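You will see subunit A twice below: alongside subunit B first, and alongside subunit C after that.
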Partner chain A sequence: MKQQQKSSFKKFLRFLSDNTVTVLFVIICAVSIPLSGYSLTYLVSEIIVRMARDSFLIVSLLIPIMAGMGLNFGMTLGAMAAEIGLICICDWGVVGIPGIVLAAIISTPISILLGWWCGKILNLAKGREMVTSYIIGFFMNGIYQLVVLYCFGGIIPVRSSKLVLPRGYGIRNTVNLSGIRLKLDNLLAIRIGTISIPIGTFLIIAALCLFVLWFKKTKLGQDMRAVGQDMEVSRAAGIKVEHTRIISIIISTVLAGYGMIIYLQSMGTLNTYNSHTQVGMFSIAALLVGGASVSKANIRNVFLGVILFHLMFIVSPMAGKNLIGEAQLGEYFRVFVSYGVITLSLVLYELRKKRELGDEGAALAAGQKEEGK
Partner chain B sequence: MSKKRLLIRLGTLVGVLLLAVLMYFVGREHTILVDDKSVGDYKALATVDVGVDKQKSMELAARDRDKFVVTSQSHSITIKFTDSNWNEQTITRKFKVPVGLDTVIISLPTLAANPDAPQADWLAEYIPPTVVVRQDTTSETVNTEDSFSF
Partner chain C sequence: MNKIKEFVNQFGLPRIIIGLFLLLLFIIAPFVGVKVSTSINDTLVRFGMNSVLVLAMVPMIHSGCGLNFGLPFGIIAGLLGATLALECEFHGVVCFLMAILFATPFAVIFGWGYGKLLNKVKGGEMMIATYVGFSSVAFMCMMWLILPYKNPTMVWGYSGRGLRTTITTEGYFLHVLDDFLKIKIGRLVIPTGMILFFAVLAFCMWAFLHTKTGTAMTAVGSNPIFARASGINVDRIRTLSVIMSTWLGAVGILVYEQSFGFIQLYMGPFYMALPAVSAILIGGASVNKATVANVIIGTFLFQGILTMTPSVMNAAVHTDISEVVRIVVSNGMILYALTRKTEASR
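Our next item is the complex of A and B:
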């Protein structure tokens, strides 16, 4: 009886250590919700909006994790490609769903090119993919700024004076996306009381989830999983390891571009020089909050992560204001938590890896001891 | 690469390009100005009810001008007015907006006088009047710093 209790307690401890970040967020949310004073209807409505807005971006992270490349901070490359597509459609005056589709088509070749380039570099930095992709994001941001700030309106013709800076070249700080604002969210939207559910956007997200599930079962998907588990064994089995890794990054970058378009059509405004900078960080943080790790993530983690992470985002400013009369505290809190979550997850991942190695070593030693007897 | 695979890839590429062109034509936004001003021999209509496609119609008095914002190229315009013999007239015409034009202007008196005339007689490109403007000396500081506005 005692042994059974001990084993279930051990199981409980193992569950806690495996889901530390998620449990921590559940506790933070449980404390913050009553402090914020928001009604349940408001919270549900906000969560639905944010699920529709962010889920696609986060799902785009799953494939590189499957291929053992960790969390793809290079998804900002896809976001930049999407922004270029959106600037083009705003200039050409293409609106509505056709505008969204056209922006996606424009972003695709740019995303493929950037993804291929990023994948090539990551193949040179095996084992350090995350930090490398993070720095690639910064580097590419510089190139993006050069193109948008100096080439648009100069080398690349821009007709609309609403887009161009007063000096005659370069795109303004903010681009109004009123032509495509909420067009996807309002497609097939249904209303339950005061809550609007963007069915159109959710259908697209569901299609992407089905694609990811189907992709895992394909030959390429299986190759990616094999590469993710052991590159040398995969190479010996005849899998083109480098090629498979590049494809995983290309798919992730292209999907991130589409995700960014969905995100920005929901926002209605494009912050030309800033919108993409934090996308990678927040998407990764949300995925980790959902219980994912550097080497393992699934669709359940995406949705749980979006709900918990954004619930914290919604309630923390008001909770901070009600607690100490300072809404800014909540703002600082959510930024600090985003970085904190990523750090904590990485530390826990390393600790877990060490613990598993230790356990394996102990089991091996015990086996050898048995054999010696 | 096998021939079949190459053909599939080329076919996909062509398909995507065609889709992009289709999206451009379907989603292109145009402004249609409806103008009830006298043009040459055609006198402005005292009151006219104008509708473009299924958009809500609007009533214009003589010398009025208003606008409809539409997407894609093919549209129809319906005008209702009372002629000089006090008969209620309804004219419906289909028209195409040239894809390169942002704004076109439709002269309602010309359309009312010649409902069967070619489109070019009553629809033209709108060229905004040229006015002398001072050089824009305002500057916009570009903010390329990171922000946490998620």
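Our next item is the complex of A and C:
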């Protein structure tokens, strides 16, 4: 009896240590929701908007994790490709759903090219993919600025004077996306009371989730999982390791591009030089909050993560204001939490990896002892 | 021909390109009407401002902890020291020294904790260091608002609480090092004090690396298993190296501020690690090997490009693409270092 109690307690501890981040977030949200004083309907409607806005982006992170390449900080590359697509359709004056589709079509080849390049570089830096992909994001941001700030309006013709800076070339800091604003969200939208549910967007997200589930079962998906488990063994089994890894990054980048278009059509404005820099960090933090780790993530983590992370995001400024009388404090708090979550998850992942190695060693030693007897 | 190839391989193509680019900028400068003397002057000042921050990379690279992307953590210790010294109303050189003194216990405590953490996550240091830096900056954003500072030059005027985003060091420790033994040759002004200060620290670092502990640190960095076998306490040495890096980061930001003239709080230290990391890499360091010479060459080349590009480009083509050049050069250099095969296998 006592033994049983002890083992269930151990299980509980194990559960806590495996889900530290999620549990922590549930506590933060539980404390700050009453403090913020927001009504339940307001929170629900906000969460639904943000789920539609961000889920696609976060799902794009799943495939590189499957291939053992960690969190793809290089998803900003896809976001940049999407932004170039959006700038083009704004210039050409294509609006509504055709505009969104056209932007997606323009972004695809750029994403593929960038993803291929990113994958090539990550193959050179095996074992430190995350920090490398993170720096790749910064590096491409420089190239992106070069293209958007100097080539657009110069080498690449832009007709609309609303887009171009007064000096004659370069795109303005903010681009108004009124032509495609909420066009996808309002497609097939249903209203329940004051809450509006963008069914169209959710259908697309559902289709993507089905795609990811299906993809896991294909030959390529199985190869990726094998590569994620052990590169050398997969190579011996005849899998083209490098090739598989590049493909996983390409898929992720292209999906991130589509996700960014969905995100921006919901926002309605494009911050030409800032939008993409934040997206990677928020998506990764949300995924980790949902209980994913560097080596394991599934679709459940995505949705749980979006809900918890954005709940914290919505309530913390108000909670900070009501608690200390300073909304600024709440804003800093949420920035701190976003970074803190990533730090904590990375540390826990490394610790767990070590513990598992230790456990394996202990099991092996015990087995040998048995045999010796 | 083979010799040239060997030299290129050894020195690294990107470094040669950057060196030639800087040389080209200096050659073009007089033709487009940029005064070379002012350019050299600016380069020297910026060299002095940033060199200590770059020096802060050396101990951690030596002990095998990788590039110190967590530099903001040390910078925060420095900022705490600076604000405390201002709060106590010290002035002049005393203020600067007191700032270093105040910053030291913070740097040691932070560095100790940070080092302990990095010991637990061997192999994944760089990514975790990045995010430790970010979260500490974000955490201190809250603290700057809450901490009970009183000095009216530092707190917001209307509410009387919470520190300003930028605090001037004028009247406190502005230019205390710059003006010490300043040499003027025509238009050229050499900030001797600042460069001397760096020289002293760099010499100490060089001397330290040749002591017993310093040699142990190098051993830990190049082969931890061998180091353990020869009786070195690997974790202790690594923690020591992180403390040193953190402290140098703290002193580095103080040197930076006394020349720059402002203490930048809140999100100010956020991206300060990247320029320092790329500077030492440009100087010829790799992910697990760095010397004091790398620091000097790297800081000079990197800061030279940062000063020369805007002025020369502006004069030559009437556009300012210096920001783009900065981003591409610094991050490109880090990417190059991360992807080197020989350096990847430790």
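Throughout what follows, the second predicted complex is superposed on the first by the 373 of 373 C-alpha atoms of A that agree within 3 Å, B and C clash if a C-alpha of one lies under 4 Å from a C-alpha of the other, contacts with A are read in each partner's own complex, and residues count from 1 in each chain.
Definition applied: a residue touches a chain if its C-beta (ideal position, glycine included) is under 8 Å from a C-beta of that chain, and two chains touch if they have at least 3 such contacts.
Treat the numbers as computed from the prediction; the structure is a model and nothing was measured.
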Original post:
Should the pairing of subunit B and subunit C on subunit A count as a clash or a fit in the superposition?
Top reply: fit
Original post:
What is the contact status of A:F56 with respect to subunit B (first) and subunit C (second): first, second, both, or neither?
Top reply: neither
**OP:** Would you check which partner chain A:F25 touches, where first means subunit B only, second means subunit C only, and both and neither mean what they say?
**Re:** neither
**OP:** May I ask you to decide whether A:Y258 touches subunit B, subunit C, both, or neither, giving the answer as first, second, both or neither?
**Re:** neither
Original post:
A:Q145 contacts which: subunit B (first), subunit C (second), both, neither?
Top reply: both
Original post:
Is A:V347 touching the first partner subunit B, the second partner subunit C, both, or neither of them?
Top reply: second
Original post:
Can A:G127 be said to touch subunit B (first), subunit C (second), both, or neither?
Top reply: second
**OP:** Could you say whether A:N173 touches subunit B, subunit C, both of them, or neither, answering first, second, both or neither?
**Re:** first
**OP:** Based on the superposed arrangement, let me know which partner A:L165 touches: subunit B (first), subunit C (second), both, or neither?
**Re:** first
Original post:
First (subunit B), second (subunit C), both or neither: which does A:F309 touch?
Top reply: neither
**OP:** Treating the CA centre of subunit A as the corner point, state the angle out to subunit B and subunit C, nearest 10°.
**Re:** 110
Original post:
Upon superposition of the two complexes, what minimum C-alpha distance (Å) separates subunit B from subunit C?
Top reply: 9
**OP:** Return the residues of subunit A at which the contacts from subunit B and from subunit C coincide.
**Re:** 145, 149, 335
**OP:** Report the residues of subunit A in contact with subunit B in the complex, numbered from low to high.
**Re:** 89, 92-99, 101-102, 105-106, 108, 145, 149, 165-167, 170, 172-173, 179, 271, 273-274, 277-279, 282, 313, 331, 334-335
**OP:** Can you check the complex and tell me which residues of subunit B touch subunit A?
**Re:** 16, 19-20, 22-24, 26-30, 71, 102, 136-150
Original post:
In the complex formed with subunit C, which residues of subunit A make contact?
Top reply: 121, 124-128, 130-132, 134-136, 138-139, 141-143, 145-146, 149-150, 324, 326, 328-329, 332-333, 335-336, 338-340, 342-343, 346-347, 349-351, 354
Original post:
Within the complex, which stretch of subunit C touches subunit A?
Top reply: 69, 117, 120-121, 123-124, 126-128, 130-132, 134-135, 138-139, 141-142, 145-146, 162, 274, 319, 321, 323-324, 326-328, 331-332, 334-335, 338-339, 341, 344
